[in-house]
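Next, two complexes with subunit A in common: one pairs it with subunit B, the other with subunit C.
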Partner chain A sequence: MGAGHAHRLYRHGHSPVHGLPPHTKLAAVFAFVVVVVSTPREAMWAFGLYAVLLALVARHARVPAGFLLKRLLIEVPFVAFAVLMPFVAEGEQVDVLGLSLSVNGLWGAWNVLAKGTLGVAASVLLASTTELRELLLGLQRLRLPPLLVQIASFMIRYGDVIADEMRRMRIARESRGFEARGVRHWGVLAKSAGALFIRSYERGERVHLAMISRGYAGSMPVIDEVTASRAQWSYALTLPFVALLVCVLGWSL
Partner chain B sequence: MVPVTDAVTPSVTPSPSLEVAGLAFAYPDGHQALFGVDFSVARGERVALLGPNGAGKTTLVLHLNGILTGGAGTVTVAGLPVGKQHMAEIRRKVGIVFQDPDDQLFMPTVREDVAFGPAAAGLKGAALEARVDHALEQVGMAEFKNRPPHHLSFGQRRRVAVATVLAMEPEILVLDEPSSNLDPASRRELADILRSLDVTALMVTHDLPYALELCPRALILSEGVIAADGRTGDLLADDALMRAHRLELPFGFDPRSATMGA
Partner chain C sequence: MHVPDGFINAPTSAVTGVVAAGAIAVSLRGARRELDDRTAPLAGLVAAFIFAVQMLNFPVAAGTSGHLLGGALAAILVGPCTGVLCVSVVLLMQGILFADGGLTALGVNITDMAIVTTVVAYAVFRGLVKVLPRGRRSITVASFVAAVLSVPAAAVAFTFIYWIGGTTDVSIGKVATAMIGVHVLIGIGEAVITALTVGAVVAVRPDLVHGARDLRQKLRLRVHGELVDAPAADEAPTGARTPVAARTSRRTLWVTGLVTSLVLAGFVSFYASANPDGLEKVAADKGIDKKAEEHASADSPLADYGVKDVTNARLSGGLAGVIGVGTTVVAGSAVFWAVRRRRTGDDVSPTAVENV
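After this line comes the complex of A and B, so read on.
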């Protein structure tokens, strides 16, 4: 497919993981995340094993560690809350480096951090081995409501068009000497946003006209039917299956 | 003795590709755009529909495949009246290429976009693939099959937009301002493509030289009626007619001395 024009998360390659049908990968990642989330937080070794599993998948997919770790940074704003937990939670306290921290809070923070990181890492792996287009086909195959798939596919198609329109509006504003300095100019920005909304809405109507002109009657015709063999399914599901074993061990030990 | 000619049998030909009779339409807000439009386009003809801004050209186009209905008059496509009962068939037969290719190309890749129409009509598998390939070859865009539309140049997008409609094998191709926003080279490439297609076409435009180049016959739509119908060269050379309908030729362009490719 169009090399060099893929989305930024995607890393072009021909590994066995890249070659898997998208819906098997989606199912595997989803199952993996469910398993991770249902692991008891006290079984710290289990989370270590999960991380090892993901590292193995990354090696199979030939995704370098640096690439993966850099994209994990997206998680940072979301886990900031976890860092606060040991300071604000109630209950038994311990002293760490002169700070009095809540034991419960520490466990809570660990729980959020470990499960969140593993979930994000699995998703980043999915995104770096699967093109957006394929992801949509996979979701369609997994019987996600077609309306949602259509909305997502239009977002991909028109994201750039709308961003470009926004850029042209900004250039037009600045060419007439406008500079956003502080609260007094928010009104102008808000009006631009409104204008952009109306333009996009009108484009939506024109696109809809073009669609019904070509026979659209409420559902997208299926152009590419993605299929997976039993072997592909079992290959993809190895990850959540091994994770499940770890999880069961975590509960019984 | 009367010489025998074999080219005087217009009455025997099958129903015309497009026939519009007494078409009138007013928008819900009361603005009346069409006041009784009559014309017909024979199979294989290339006709230009000329008119100033606000003449009702777009309104007329939207009637051709039944997106707008409810006014007076009839539209018939290859003998089939435009109406609720054969809407799917009508939309397959009338291929509209809209002015902005970003509106026309709404799928993530060129291939899927071209496949959209035929797939909606029920085509599948190898037949669908062959249809897509053929349509893209007709417009010279075969090697861009798997590219996303927003990474193509404007001229390329316009050509793909034409392919999306050709893939439906329409009875009549309707082009809304096909030359707008094209640089001279893309303009010429599109003209070559349009001339090479063996299909009935109605070209809505106010690009008069382009109409002269591509369409032997032209209609002038002005204030909601067909004000003139004739050979494109004759219409463009009629200064009084042109002035009366706010149609202006570009500076220095003389339709009498232009050499036509068609």
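After this line comes the complex of A and C, so read on.
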């Protein structure tokens, strides 16, 4: 299982951003997104500055622009929604190229598009510079309930196993000539899902027994405690602080 | 339905975040009661299952396909508390790892997709299982109804959150019709798959279906040609010994409650549809309504179920009824559970004394 553990979004590297303790990065990204969301939408230049900030971080982390942009594609459904907004929103209308658009709708579309894109870009940067296990350690360090962290770590560890099991079932179905074409085949797929559930649950029971036999008593021992020095915290929190400055400027101007 | 950053304003996001944190705290305690120290591996594996099942695509018609949301499925298979935890963890990981759904919108996402779906589904499911005759078929029927109500309920919750703190200027009526209209269709797909899946599991391992644990038969042994009850294992389940009289009275209670809420909901929906929203009417007259219906909730991962303009006044009216029933059942069962817990609490102590 060792090799499959690095998730596909992670990009191995040794940059200063990769080296930061995970909880400082998590805190920084979260604070940054909060600041972005609370910026007034009329301050268009502020969002430009935020994008520049993120680009600087990406440069420091040596994440190529193409990689980042490709990951941003997850946002496409919302872009479609935002494009539609000027047509359905109410309020005073303006004529652009012969189309009657709502002013409020245009602002709303801009708002969702800008803030959503910046949020996605920040998360993508976090995921591409932080290893999965580190991320979970960071969450634990940020006082997320240990049980929740354990559940998340089991989900991540066994996600690939379960997905592989599902893939094997699909191959088994297809090798017997099955092809899902419409509603009539839902029964077969649902039976697969049921079988998958039983397999996952039974695997969970086996995992639990294996854990008990290794001395598990309800909590996982923390063997690699992560700590952050003051310098690392201040380095990580530079991003949200600069963003906060921009945000305050955006409100006052 | 993964909400991105900036779609809901900051104060509302914060409030929903607090709501989500509270609900997760309650479910953590509840899950420990449901699974004790097996919680971490089992809930983790079930979360992995939900994650995998969301990738399983169901073809709807030529070219389009949808996938399962899994809230109702999790609630019925592993119980509401574990269900909430599993779906929340899936959402958290999707937010952090895959940037699917904003980090500040995590509270909104968990509230409407993990909590509302799971709680509504489980309440409806338990209510129906109590009312319907005991058997495997009623488990399937109940899970169908539970799933069919849970998805529009999540849409209603989203509309409510949007109404409080939406950052865009689309009228609430439009958002409601579009969201609920689309999600009723999604709910039907979800319900069919959920019911079939639960049916498949019940057929093979009925003991794994948390919602159907009442159906468990007592183990009986054939000794010298006659059936005798097997001696109870280490611990007898506390709920299994309810007297028959109590069960029938409980069933009457459920039936009355359900009928009353249906009648009430029908009444409300009649008035609701008799007097449509002015803005909606304007929008319909202008012909822009259709666009809104088709795309205004393109945020949903299931939006490719191929939705056409299905929402008219009567449907939305009927929907109000359906949602009304859902809400009433939830509220009613909350009260009912509180009462029953007190009653079983009273019951347990004397038997414990007897046993000693």
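Throughout what follows, the second predicted complex is superposed on the first by the 246 of 253 C-alpha atoms of A that agree within 3 Å, B and C clash if a C-alpha of one lies under 4 Å from a C-alpha of the other, contacts with A are read in each partner's own complex, and residues count from 1 in each chain.
Everything below uses one rule, namely that a contact is a pair of C-beta atoms (placed from the backbone, for glycine too) under 8 Å apart; a residue touches a chain by one contact, two chains touch by 3 or more.
Because the structure is a prediction, the values reported are computed rather than measured.
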Partner chain(s) touched by A:Ser200 [first = subunit B, second = subunit C, both, neither]: second
Contacts of A:Val52 with subunit B and subunit C, given as first, second, both or neither: neither
Partner chain in contact with A:Leu189 - subunit B first, subunit C second, else both or neither: second
Partner chain in contact with A:Tyr216 - subunit B first, subunit C second, else both or neither: both
Which of subunit B and subunit C A:Ala172 touches, first, second, both or neither: neither
Touching partner for A:Val161 - first (subunit B), second (subunit C), both, neither: both
Partner, of subunit C and subunit B, that touches more residues belonging to subunit A: C
Contacts of A:Arg133 with subunit B and subunit C, given as first, second, both or neither: first
First (subunit B), second (subunit C), both or neither touched by A:Leu245: neither
Contacts of A:Asn104 with subunit B and subunit C, given as first, second, both or neither: second
Overlapping contact positions on subunit A, where the subunit C interface meets the subunit B interface: 132, 153-154, 156-158, 161, 203, 207, 211, 216-217
In the complex with subunit A, residue positions of subunit B that touch it: 62, 65, 67, 88, 91-92, 94, 96, 98, 100, 102-109, 112, 115-117, 119-121, 128, 146-151, 164-165, 168
Contacting residues of subunit A [partner subunit C, same complex]: 7, 9, 26, 29-30, 33-34, 36-38, 41, 71, 74-75, 77-78, 80-81, 84-85, 87-91, 102, 104-105, 107-109, 111-112, 114-116, 118-120, 122-124, 126-127, 132, 135, 145, 147-148, 150-159, 161-163, 165-166, 180-183, 185-187, 189-198, 200-201, 203-205, 207-208, 211, 216-218, 220
Residues of subunit C defined as touching subunit A within the complex: 4-7, 9-10, 13, 24-25, 28, 31-32, 37-49, 51-53, 55-56, 58-62, 68, 73, 77-78, 85-86, 88-90, 92-93, 95-100, 102-104, 167-171, 174, 192-193, 195-201, 204-205, 208, 279, 283, 288, 291-292, 295-299, 301, 303
Subunit A - residues contacting subunit B, complex: 1-2, 5, 132-133, 136, 153-154, 156-158, 160-161, 203, 206-207, 209-217, 221-224
